[in-house]
């Protein structure tokens, strides 16, 4: 641990020194600054994020993301909706990993009601959760290529994500917005044939990961573009509340799937949390690649051990959640996603604070973009991985 | 094994895909000419079995988007048993779903206590005019033909699937 | 660098009780109230004047180095309900007594922040009353740099000021937007512009009849 | 072509034929590359089929695209330097036409055949830089400006390795005339064995690789497409162009790819020729007349082969960063090509 930490420090020191020397050269040259407005409509922002950057030549002096182009006011909307309606709504926060959005909210409501889903429901939830992680992050891996100029990976990602979406659609009825999770369990059981199909798809996904690794991660150009770019040290990452792969890439061994007790099936199987000491863009991307692989393994193990039984606990037909407050967060594809639910014993929540991963992840952008070059803005944004719906909510 | 440079490996991946696509065919579906069958549970369009609807308003009230419009009136129906009193039943006058607003959450289908609403995987009903996306009860009734049987459940499931 | 550590045993109440005790030692009377749910979570409420001090203590002295979120709660019950009233009728009577949640409170607006320790993964929910007259506290940015955007959002949505925040511009809404949307007395216009389709009921039989409704078959 | 037709055609007709030939020689490779590689091969590499609706297997897609572009409005940004903005794509395209002028397609099938062919080729290929630079500048758009500046920096940096890579060939052939370079390759022999002629690919493999890398950079194709860089600069210097003018850039891009492939095949792969020993020819004067028909076909085959490589690399790699590219050009390519020249010169003198 200590050796890697000192390694980390050396890397950071070298990085900072390089930035400082560049800055000094620019002071000597006395060039005039320019403001570049990246977005809101820009191919690199997958969504409508706008980044205002003061440039000196091609070097960023100051950058500030400006979000809100996709603000939908979910926290306000949840206040006028009942619990089942909120589930349908929060599907749309991180639209690439929708099922994973439902789980923490449902868990929070279940916590307030003091009930727990039956084991079979927990296992199926975990399977679908990991499937949505795979669907989400595999698209990230493809998109990463596009951001760096390689057009092919994104098509491979879309090709193989399709299989996962088909699985999710087959089980839940919705490709993007499953709305399958219910307080007390699941809407329905899995359709016949799901397990065998999933096994085949998981093999395909592992193959996809190998392809991406060969095509992109092993590529020397890719490595030279991402290594040492956008280094985020551990304590800065924690201060800004980075989570998920972004945090683990900075060397923090923390995965909410492992490190908290949730009524889910993760603790019943054998899997591994990946971390990387570097904290640069490459580390973040690499962690995500490994996590997709790990997720396919998790799903495989879960398929082996689904217990039989009901998928719905005994809950009243009209759900009223008792008064109280609950916080539940899970390790979503983008990072920690949590809901702080305040209930007043009514049909719907009194207030829901949605703590989405991307909001925190992207709030570090002004810090991390200082001193980088314009092409690195794109690399860093891509590696931080955000989804606009998840920032603006 | 000597390590191949990543640049060469990358070229190998694309060439491999090229060969696979030319020999084994592509992964895309030429949509208007060939169509994929959506899964049985796919939430394509909502079908209405009018006979079952009692205009109880549950679906309209639980719709998060407020996109279901129901109007109905009460009328007298002939008694069920001979010599009984005439029954008072709800007659459905209007049942509209505005698919321009609908977000396909399926809550209405779930809450319906009388099995009047069903999901159909049919998806080809886009319209050039947004107003045409308001399906009235006749059109919703037509979708009933496309509603499939509920799928069999995976091993270990306890109850039979409802719909 | 990766580890296969088994699921860590979450320490029980003693650990969480100790958090409250430690905080009381550091903050003294500024710690107004607390609630520990064994094996679940901790809530503490501090005085507005001690808001930043609480952050410093939590981060520097107690090891809560991970900033999770910062937001606020408006405890006023919504004067508009769920927007499902019939616009033709007079609005129904609504209970407008303010009842605060865990760890109590005196004011309508309450700040809520959560910080977590990255080593033992235990979090603390910190609450703080902010007065209606002058809803303002000291910014947490010097303590947790990540509080920046969260404070901007809270300022925009609840109108709570943060002294020492460098840039309280609106994040989501236009600069000239008036009002604070997440306050309960801010109407949700989407639910006002058209009446709820659920208001309509089945028209009764002409002439009326008190028979029970027909059972569905 | 000149010698073939000079006898019975007046000068104006010759000139007309040359212009038409040039247009064909530019548009044909462009069209082929776009259809075969950009539409089809790229799609296959991405497990899809590419255009399928316009014509059988989408073969008329190209015409559909051209038709679509021609219909589009020709937008000039309000603050653009109008004249320069409008002329820029034509400058780029002109450079392509000038390039194709020296490429020999057969023993008599050439547009011009002059002694300093290689020199001329290297000179006019840099004209496109001017077009790109003024396009980037005159668009009055920051992205375009950045793209134009990047393009200028990059094209100048890669001009040098390209020149130096060709010098090896010139030393070996002993001439700067492209026609004679072709002949010297096909009439040559490898240690007394003349079954393959002596394509300079074998002796100048380093030069060939450097030349192809420089071509890739010159064409601003991935991994050197920073001037375009859709994901950062939103197509760089082309951002503000629409309709016909964008089409011109587009044609120029792919036509230049084709023409550079032709030039590379002339310099390194033996051009239009087949090893002369197969038919017992000893020099250009012995070559049969039918080579004027077969030669262009051979050229097209080689062009497709080389542009396949260019496109293959383009679809597989991510892009460099501008400073990495400059470092690569000046610290790797230039020294390596200088060493290559030195070794070639020494060996030339030695043998």
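When the chains are written out, they are named A, B, C and D in that same order, and each has its own residue count from 1.
Here is the rule we use: contacts are C-beta pairs under 8 Å (C-beta built on N, C-alpha and C of every residue); 3 or more make two chains touch, one makes a residue touch a chain.
What you are looking at is a predicted structure, and each value in this text was computed from that prediction instead of being measured.
Colleague: Contact counts by the stated rule: is the higher one at B-C or A-C?
Modeller: Result: the pair with more contacts is A-C.
Colleague: Can you work out the whole-Å distance between the CA centroids of subunit C and subunit D?
Modeller: Distance between chain centres, rounded to whole Å: 64 Å.
Colleague: Distance from the CA centroid of subunit B to that of subunit C, rounded to the nearest Å?
Modeller: It comes to 37 Å between the two C-alpha centres.
Colleague: Taking the mean of the C-alpha atoms as each chain's centre, how many Å separate subunit A from subunit C?
Modeller: Those two chain centres are 23 Å apart.
Colleague: Quick one: report the Å distance separating subunit A from subunit B, using the average Cα coordinate of each chain.
Modeller: Centre-to-centre distance between subunit A and subunit B: 29 Å.
Colleague: Residues of subunit B that touch two or more other chains: which are they?
Modeller: 7, 10, 13-14, 17, 27 - these are the residues of subunit B that touch more than one other chain.
Colleague: If a residue has to touch 2 or more other chains to count, which residues of subunit A qualify?
Modeller: In subunit A, the residues touching two or more other chains are 81, 152, 156, 159, 215-216, 219, 221-222.
Colleague: By the touch rule stated above, which residues of subunit C touch at least two different other chains?
Modeller: As it turns out, subunit C has no residue touching two or more other chains.
Colleague: Any two chains that touch count here, so list every such pair.
Modeller: A-B, A-C, A-D, B-C, B-D
Colleague: Applying the document's contact rule, which stretches of subunit D touch subunit A when the two form their complex?
Modeller: Residue positions touching the partner: 42, 45-48, 142-143, 146, 222-223, 225-226, 229-234, 315-324.
Colleague: What residues on subunit A touch subunit D, complex-wise?
Modeller: Checking each residue of subunit A against subunit D gives 34, 36-37, 42-44, 58, 145-152, 155-156, 159, 215-216, 219, 221-222, 224-225, 373-378.
Colleague: Mind listing the subunit B positions that touch subunit D in their complex?
Modeller: Against subunit D, subunit B makes touches at 7, 10-11, 13-15, 17-18, 20-22, 26-28, 30.
Colleague: Along subunit B, where are the residues that touch subunit C in the complex?
Modeller: Residues in contact with subunit C: 52, 54-55, 57, 60-61, 63, 66-77, 85, 87-90, 113-114.
Colleague: Under the definition above, what is the set of subunit C residues touching subunit B in their complex?
Modeller: 194, 196-198, 200-205, 209, 211-214, 216-217
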